[in-house]
Every structure is written in structure tokens, then in C-alpha cells.
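The same subunit A turns up in both complexes below, where it pairs with subunit B and then with subunit C.
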Partner chain A sequence: MNWDIILGVSLESLINATMIAYALAAIGLNVHFGYTGLLNFGQSAFLGVAAYGLAMIVATFGLPFWVGILAGLGGAVILALLLGIPTLRLRADYLAIVTIAAAEIVRLLFRSVSLSEWTGGSDGLQAFSDDFYAMNPYSGAVEISTLISFDERELWIMTVGWVLVAIALLIVFLAMRSPWGRVIKAIREDEDAVRSLGKNVVSYKMQSLILGGVLGSLGGFVIALRNAAVQPDTYGTEFTFYMYTIVILGGAARVFGPVVGSMIFWFLLTFINAFLPSAIDAGLIPSWLMNKNQAGAVGYIFVGLGLVLLLIFRPQGIFGDKKEVMLDGR
Partner chain B sequence: MRRAVIIFTAVLGFLFTSLGFGATSALAEGEALQGTLINANQPVAGVAIKVFDQGGTSAGEATSGPDGKWVVPLKAAGTYKVDLDTATLPQGVTVTTGRSSLTLTVFEGAARNVLFPLGGAAATGPGAATPEDEGNSQLSRILDLIYTGIHFGLIIALAALGLSLIFGTMGLTNFAHGELITFGAVGCFFLNVTVGLPLELAAVAAVVLGGAFGYFQDRLFWGWLRNRRTGLIGMMIISIGLALILRYLYLFFFAGDTRQYSAYVAQPGMDLGLISVAPKNLIMDAVAIVVLIGVSLALVMTRLGKATRAVSTNPSLAAASGISVDSIIRLVWTIGGALAALSGVMLGVFQGVNYQMGFQILLLVFAAVTLGGLGTAFGALLGSLVVGLATQLSTLWIPTELKNVGALVVLIVIILVRPQGILGRRERIG
Partner chain C sequence: MADDASVLPGVARAREALKDVPHEPGAKKPDPILVADKVIRRFGGLTAVQVDHIEIQRGAITALIGPNGAGKTTFFNLLTGFDKPNEGNWNFNGKPLAGVPPHKVARQGMVRTFQLTKALSRLSVIDNMRLGGTGQKGESFWTSLIPALWKQQEQEITERADELLARFKLDAKREDFAGSLSGGQRKLLEMARALMVQPDMVMLDEPMAGVNPALTQSLLGHVKSLREDGMTVLFVEHDMDMVRDISDWVIVMGQGEVIAEGTPDTVMADPRVIDAYLGAHHDGTAHDPAEVAAETGVPATPPAEGGKTDE
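Take a look at the complex of A and B:
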């Protein structure tokens, strides 16, 4: 049982690129779910469209990196429009079903054989991140104490990722204290009241969907560049469910909620996933109870359990305000 | 340095399991075509089998082993053409149906069994090997798709009816309904393969267990949440959490591969004129139709059915007129659990048992329910048949792997033009 490694990877996951990607995705989702009260269950599609936009532009069509970034952002905006036009007039549970269906459509299209000429099918695409890492100013790995170390690639993506997180948080903070943000929060509380004040609710919801989708798509870039690959099944519906867990854990409708939520989520999940296999190796967990193959499932059982318990006993999460969490049906 | 390597491997291994690769890429694994060649109860070895995809390019080949078994792993779900090289069959042995080339659909994550019935040459009439003419085979393909569509639609309908009743009576969009389906399939597998009961008995027991699972889920969990006055959206997200817990519990106990029941795995089809259908499918269809009609009639004719419809129309008014809303909801959960379990058993016979089979079909069930109109029982039946037929018939024009996309697009289009669904009422969609 090597506590150094277990603790090391757990601590790393407090600040590493994976956590940043989920934090960005959750910041976007927080705009939808936390502030506007939109039950968007297709957030993973925004990340997928952004990641594939970048990867396809660079790897399939051979265009420059920045064109890929623009294409990814543009893709997220278009997806928000496509998703929003038919669904934003509907009640919350319809919206949930349609967005989850749309996200599955996007994933199935990415992994389909007929489009594999452009998307690479279920293998996905690689070789699009060279331009990004060519900009890397770091030249060596950094070790913080003996537990944590990041190589130069991870450092570079982390630096960019944290800058993006900071920008995203600033945008959300400024947007939500502006008059626009007050309308958005009012829509969450009572749509009809806002409508009776002469505001165009659908238009505001659409703007929120676009803003949250674009913020989330930044997470798609981070995850694609971190892996130097895109793979369709990364962007499945479970991805969205983890984002919800993160948003609710940190506290919905709080600026820093998603970031803190993502840190705690990944710290705990990484710890469980690193601890269980080595505890089985060390004989701390008897083999009749669990073998190493089964250990992988336990982390997800805890994620589900955490989500259920949070919603029952503390729906406002760590920082949230119970009055601000939209959990009642209309 | 060594520590760095260890940490790096640990991080890498962890990433693969945690980024959802481990979770969702199981979808990509396990697709295969397989079969066992048997002639007069003796395995036939050394027979070459070739598999081609729709474009005609080779997707793999295999030679049957000493036990007569062959497996061709595939990269993805889709429609494949399986050719048995008759020249490699032993002297005097032929494929009795005369069809040494079959076109089959492989589902996501499922291994498909292929049956080449073999027999002595004497058993085969001289005309048996005549290839069918083109027009006839196109018509029989369409008929075959229509039949599969109805069959699949009935399986979806069983699950959709329960989902729709639960939504109607307590307003919950239950994302854990797929796990009730898997519960039936896994429970039946456990009783059938591990305990050793005959499949028919195991299926009945699994349906009873499914009903009990639904009952206790409501009694211990959802009923408690209702008493705590948890909001509907809160409950919906809780159902997602519950679905995650259950799905990974199945993975924990059942492991990630697709397994088959011990009986009726590759039943030869009965020739019904233009299409050939395995008797097991016809029996399952009959059971499904009887059950669906029974539940629908019960909803219309019996007092309890009337009470159920009263609760879904207006719970407070129903309670005021002396109906016990809680026990009605509990009854609905029991029936919903049993129906979902039956649907899971049938789905297991259809495509094998897998820990995420319910989750994979859940969106189609949602599509069916929404299509028919959320909360309406008859709408759910109608919607299911539409979804079943739409998924199957769409493969005439689009690649098989995208057939679910077809059904989901139909869902979105319907919501655009008629958001309340086919039989829904306008005021429900708000």
C-alpha cells in the first residue's frame, strides 16, 4: 500500500486538467441550471461539438489551430440554437428529455461509421494538438514536494485551463450582477411574472443557453487537448450527470460553486479509484468482497450515492442558498 | 524516476477508468458475430466463415474450432453479411436452409448468434438451394423489418407503460426506469444460469421480483421522498443518481460482458411465407400483447384502474374523494416494475444480457412515452410501436448504426409540431 502515490494522485486531481475541464463544463451548466433554471441534460454535447470542431478542423481538414478553436466555439453556438429553438418553450421535464436525446444524437453521429472519414468513427481523432503544445513555454517537469509532479505538457494545459476558468468565472460574476443576470434569475423564480413585465423569456433563455454552452465548450477544448485525442464515448450522457453532481455539490447559482464542486468530486473519486485497487492488493479488502475489476464500479456507485444524498439532505450543496435552488416542478 | 513512472501509470490507468472511458466504452466492446456449427450432434471443425460490412469490405473471418464454435469480433454495431464457405464443409454436409449467406444486424455491445443449420446432403431437396429472386428478397426484408419493429416496439411498450403510469400518478420523470428493465434481465439471468431454473420459470420469477423491486423502491424510497415534500425536479435528479448506483451495482455483480440465457439462444426460424421468425419471438409477442391488453383493460374497466386514472388527472381531488393516493402510486410502481422486468427478460432473449442494456434503451422508451403523450397509458403503447417501427424501417435509408438517431430525431420533430404527443393533452406541457 503506497500512500504517497494514492495521496499524490488525489492531490494532483485538485488542480489538474481533467478537473479544470469538468469545472468549465459545470460553470456553463451552472448558468443553465443554477441561474436560469434550464434543465439542460445535453451539456456533454456542447463539449463534444467544441472538441470535435477543433479536432476535425485541424486533423481532418488541415486548417490552423485558431480556426479550429473558432469552429468549436461556433459549433457550440449553433448547437445552442438548434437545441433551444424547439425546446425552450417546453416545461422542464420535456426539456430534459429532448436535450438528453440531442446529446445522444450528437454522440452517435460522431461514432458512426458512415461519417468516419471526417470524425474517425469510434476511434476518434488524434494529431490536432501539436500547434497548441508548440506554444508551450515550459521546458521541464515541476515537482511540488515529493508527492505531486506535473510534466511540461500538463503544466501548459493547466495554465491555459486555469486562465480560462478565471475568465469564465469573471464573465459569470459580471453577467449575473448585471440587469441581464437579474432577469435570468427572475425567469428561474417565476417565468410568468417576468413575461408579464414585458420581457421576452424565450430570448433570454436562449441567450443563457448560448452563454452556458460556450463556457462549457471551453472545457471541451481542455479535455481534447489534455488527451491529445477526441473519442466519441467521452461525451456520453454520464458525463452530463457528473457535471450535475459537481454543480449541486458545489452549490447551484454560486459563482465559485462549480470549481469547488469539481475539486471535491475529483479528489474523492480519484482517491477511491486509487485506494481500492491498492487496498485489494495489500489484502485490506478481502477478495470475496471485491476484486480489482469490480473496484472500478465502486467509484461510480459512490458518485450516484453522493448525488442522491446531496439532493435529499443538502440540495443547496456547500455554498448554495436553498431558496435559490430550482428543484420544484411547475 | 521510478516513482514518476509509477505515478504516471497510476494517473494514466486512473484516467482511463475515470474519464468515462471505462464506463462508456464498454459500448464499443463485445460486438461480435458468433455461432456453433453442429451436424448430427457432432461439432463441425475447420469451416471458414467470412464477414463483410454493408460496403462489402471484409470485417473479419474465422474458422470453426474443434468444438464447432467460431467468433468474429466486430468494431461496431451495424448490419453485416455472414458468408459460410460451403467448400470448406465436410463431404456430404450442407446448410439445410440453402442460405449459406445471411445478412444480420448486430446491436451495440451485444454478440449476435448466427445459426447455420447443417445436415446431410440427403436431407436437402434439390430446390432448397435456389437463391431467392431480387424483388422477393427486398419485400421480405421490408416485412422482416416491420416484424422486428413491432417486436421491438412491444418490448419498449412494456417498459413505456410503467414509465408513463409513474409519470402520470406522481409526476416523476424516472431516469432509473432503465435499471428496472436491467433488473428483470439480470434477475432472470441469475435464476436461469446461476441457479439453474428453466428459462420460462426464471422469467416468471424475475417478473415477480421486478414487481417486488418496484414496490419496495416506492415504499422505502420514493414514498419517503414524497412525504418529505421533495420537489419534482429534485426527484428527477435523484432518479439519475439512483440509476447510476443501480447500474454500477449491476456492473459490480454482473461484470461488463454481454451474456446469454441458457436456452433459446439461437432458435431456428419458422418459415412464415416471406419471413422467417423464431417461435420464441412469436411466443414473447403473444405474452406482451396479452399483458399490455390486460393492463390497459384493467385501467379502463376496474375500480383500481379508474382510481389510477383519477390520481393522474388530479391527485388532490382524488384524495378528497377518498382514494388513497399513496397506495395507488405504490400499485403503479409494482406494476411498472413487473412490466419493466418482463421487458428486460424479453430484451435479454432478443440481444443478450448486459449491465447497461436498460440504460441504452431508456431513451427510446422516453421517446415512445413523449411521442404518445407523457402520462397517457395508451399513448405510450402507440408511441412504442411508432418508435419500434421507426428505428427498424429507417434502416432502409440510413445506416443501421444510426437507426436510434432516426427515432430520436422523430422525437424532436414531434415535440416541435405537437409537443403534447399523439394522445396527450395540451395543458400538460406548460
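Take a look at the complex of A and C:
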């Protein structure tokens, strides 16, 4: 059994681009779900729209990289408006239903045959990230002992990603300790009470939906640039469920919750996925119990089990305050 | 209403103003702050509210009473924009309010509380209060990111909030989560928070529901003090002792309509009101009062609210 590799990939997953993308997506979702109480089950669509906005502008229409970034951000804002206008006046559960459906619509549009001329259908799009990597200041890989190594492409996307995470956290931190954030959190507790105090609740919920969507869309850029490709099935509903897991794991309505949640989530998942196959190879796990093909699924089972235990014994997540979580929401 | 020697100026003013108002449904008041006309709300085939005309006197405490299902809370919801009527118009401070969304109603100076108290549980008591401040610069997203732009105003709001918390004896709970307060304290907090909006009129939906007797007295005192501060109070209540104690005027609703108006004493002796609460004989069979009294053990002319009064 090669502990260096198992430990190495696990440690890398604490800071690599995938973890950053999920952290950004979860920071956005935390604005929706943690702070505002909006049950957005379509966060993956915000990432998808941003990723495809960038990819289509550059790869399909041949326009510059920065136009693609603006198109992706604009797409996230438009998606927020499209989702919010019909649903934010209704009860919270309607938003959940509409967003989960909208996310599937977005994904199916991206992979539909009739649009494949622009979206590349189920194959997606490539060759849009050259301008981004042309800006790469790094020239070689970085290795820390024999455990961790990142090549220069990964280093560049990680650098940009961590800057984006820092900016997103700063915005959330500043906004949520302000009177604006107070209204947002009050809406989570009771909309009608906030209305009775003269605040335009629908407008605030829309602002929250846009803010969280735009922050999440940054994660879409990171994923797209990291893979140098976009594929429709990356942005399925299970992506959103992982984001929820991360938000709850870190502690909802905590500034650093999503980042730490994403680190823990990816560390555990990567560790189990690296450990099980090599344990089977080494004969530590008998083949009647599990073979190598089954190890991947078992990894997710363990992660799920861990999360169930977490919710039972620490429902407030890593950063949460148990007293606060136990308060009656009404 | 007890004629004690120490009549407060607000009480005297309200009584003087309402002295010559006829005791009949839809009576004209000398200085109404709220005037509603032909407000109708139907739920399917049921007409929940059908108020022909109603006026609320400025600076007085008006009670809205009536049996369960009389449409009091629905009428409250309509007036404050939380529900939309099928027909009707109403003016507040001379401005039409029909079709105005609830947050704009509140900004115009008509603030309500709720029957089921809405404390914002996972916000601290002081944040609950601060939320009530109007015209906050820091409540717009872009400004919120630069604390220097709103710190000054936040401080002023916090000072006002602390004064109100002290007045409502919640200052010891300042940093606690609102969700950790007792039921009565939540009622106090909700009322104090409504005052942060600096309203002209406060609408209280069952302010005494679920409050223990010790706190009731303190809540009563606070409601009375609103009148002394020049505010108008309209409240829904079931507790007749309280209605008698604090209200200057009583409006009675029954089956969606205003069936009686007057001072507490006259209204509680009004046979229409007693009928509404205890049930009238709509089938035309006249029961012999003595017979009914013998069967039920209740005196033939029941006092208001089944003999609950102690005066």
C-alpha cells in the first residue's frame, strides 16, 4: 500500500481547484440557504450558465476571454431574475420545486441535439481556456516532498481560485454584518414580520438570489477552466446536493463554513476513494466483501454515513452554534 | 371604564373627542386617522369581511372585538396590506391604502403586530429592534459593503433601540437570541420593535394572547402609554377585562360585519353584541328567557362575556 499517494492526493484535495469550485458554489448557496432561507435546489444551474457563457462566447463565437467572463456573470444574473420573478412572491417550497426543475432544463438545453451547433451537445465545448492559461505566470510544477505536486496549470487556476474565494468571503462578511445582512437574516426567520416593519421583502430576496448566484457562478468558471472543457452533465442535480452537504457540514450562515465544509468533504471523499482500492490490492479487504469496481460506490456510502452521523451529533456543522440551531425557527 | 381621579391627558383627550359620537355601527368620528368603506373579502362562497363604513379616531385606543370567526384578523390583514380585499377602499392619514403592499403601508406609519408572535428567533434582541429603524442607508446592498457610510446612522438607531428596550424592560436580554425569550417577552419585543418604525398608528392583533397575568399588567401599561405619546391604537382582543380597562372605543364585529360601536360599557350591554357572542334565535322560535335561564343556570340577561366581569 502506497501511503504517500493516498495521503498526497488527500492533502492536495484540501486546496486544489475542484475544492475551490465547490467552495465558491457553496458560498453562493450559503447566501441563499444559510442567510436568506431560500431553498435553492438549482445552484448547479448558476455554475452551468456561467461555464457555458464563457465557453460559448470564446469557443463558439470566437470573442475574447473577458467578454466570456462578462457573459457568464450576466447569465447568472439573468437566471436569478428568471427564477426569482415568478417564485419569490410565493411560499418557500415553490422556489425549491422551480429551481430544481430550472436546473434540469438548463442542463438539458446544454445537451440538446438541436442546440449542439452552439453548445456541443453532450460532448460539450473545449478550446476556450487558452487566453486564460496564456496569462499564467508560473513556469514549472511545485512539489512538496514526494507527497504533493501541482503542475503550472493547476497552480495558476488555484491562485485565481483562492483570490476569488477571498473576494467572495469578504463580500459575504461585509454584507452580512451590515443592516442589509440583518434584513436578509430576518427574512429567513419570518418574512411577514420583516414586511410589517416596512422592508420590501421580495426585492431583498431577489438581491440575495442574484448575489448568491453570481458568487456561485465564479465556481462555474473555475471548473470550466480547470477542465479546459464544459460538459452538460457536470451540472446535474447531484452537484447541488453536494453543495448542500458542504454548506451544512461547514455550518450554515457562517462566513467560513462553505470553505471548510468543502475542504473536509473533498479530503474525506478523496481519501476513501484512494484508500479502498489500494487496501483491496494489498489484501487488507477480502474480495468477498468488496472488489475494486465497487470501491468507488462504497466511498460515497462512507461519506454519506459520515454526514448522517454529523447531522445527528453536530447538526450545527463545524462552525455553527448549537444553541442557535436548536432555537425554534418560528 | 373606571373614572379614577388621575385621568391622564391622553385619556381625557380621547374621551372628550369621542363624547358626542353616536353609538352605532359606522359612526363618524371627529378626527379619524383611518376611514374604510365597503371593504369586502370573500373566501370562495364565504364572505369573511363585509365592512360598510368604519372610522378610527386619532389618538384613541380602539378595540376590535367579536366572537371567533368574526373576521377581525382578516380585516386587520386587509387594512395592513397582508391580504387583498375583493372590493373596498380605505384611507390612512388621508392617503388611499387599497392595493398598497404591506411594506409601504408600514412606511406610511401603520404598523402591525401578529396574533402568533413573530420574534425573529435567531437574531439577537437588539438586532430585532434595529431592524425596525426606517430609511437605513446600510440596508441597500452596495452601501452595506462600506461600513463608514452607515455606522453613524446605525449608532443613532441603536441608541433609540436601547431606550425602547429599557422602557419595555428588555434591556437585560439585549444580546440574547429573540427565540430564547418567553412568550410574554416576545410580545413585548414585538411591540417595541413596531415602535422603532415610529408609527402614527399601531395595530395589535391579540396582544394579550398567551401572556401570563403578571406580564399582562405591564403590557397594558405599555399600550396605554402609546396613547399618551399621541399614537393611535387599534387592537383585537378577547379578554373583556382588558378591553374594558384600556379602550376608549369598541367596535364589535360579527360574521364579517360591524354590528355595534360605542364605549366599552354601552357595547357590552348591547343586546346585538350579546347575541353575537352567545347566539341569537334566527329560527324565529322565541324561547322563554326564564326557561333558558333554568336550563343553563345563567341569568336571563347575561352580562357581557358570560359573567366574567367583576365590576
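In this text, the second predicted complex is superposed on the first by the 312 of 330 C-alpha atoms of A that agree within 3 Å, B and C clash if a C-alpha of one lies under 4 Å from a C-alpha of the other, contacts with A are read in each partner's own complex, and residues count from 1 in each chain.
Assume a residue touches a chain if its C-beta (ideal position, glycine included) is under 8 Å from a C-beta of that chain, and two chains touch if they have at least 3 such contacts.
Source: prediction; values computed, not measured.
Using the contact criterion defined above for the overlaid structures, shared-chain residue A:297 touches subunit B, although it does not reach subunit C.
By the touch criterion defined above, A:38 reaches neither subunit B nor subunit C. In the superposition on chain A, contact of A:270 is made with subunit B only, not with subunit C.
Counting the residues of subunit A that each partner touches, subunit B and subunit C differ, and the larger count belongs to B. Shared-chain residue A:92: touches subunit B; no touch with subunit C.
In the superposition on chain A, A:50 contacts neither subunit B nor subunit C. In the superposed model, A:315 makes contact with subunit B only, not with subunit C. Legend: residue contacts after superposition of the two complexes on their common chain; A:102 is shown touching subunit B, with no touch to subunit C. In the superposed model, A:192 lies in contact with subunit C only, and not with subunit B. Shared-chain residue A:174: touches subunit C; no touch with subunit B.
Subunit A residues 327-330 lie at the interface with subunit B in one structure and with subunit C in the other.
Residues 3-4, 6-7, 10-11, 14-15, 17-25, 27-28, 53, 75-76, 78, 171, 173, 225, 228, 230-234, 236-238, 240-249, 251-252, 255, 363, 366-367, 370, 374, 399, 401-402, 404-405, 408-409, 411-412, 415-416, 419, 428-430 of subunit B touch subunit A in their complex. Those residues of subunit A whose C-beta lies close enough to touch subunit B in the complex are 2, 4-5, 8-9, 12, 18, 39, 86-87, 89-94, 96-98, 100-102, 104-105, 108-109, 111-114, 121-122, 141, 146, 149, 223, 227, 231, 233-234, 236, 238-239, 241-242, 244-245, 248, 269-270, 273-274, 290, 293-294, 296-301, 303-308, 311-312, 315, 326-330. Residue ranges of subunit A in contact with subunit C, taken from their complex: 171, 174-175, 178-183, 185-186, 188-190, 192-201, 207, 211, 323-324, 327-330.
Taken together, the subunit C residues at the contact with subunit A in this complex read 80, 82, 101-104, 106-107, 111-114, 116, 118-123, 127-128, 130-134, 136-141, 143-147, 150, 154, 177, 179-180, 190, 193-194, 196-197.
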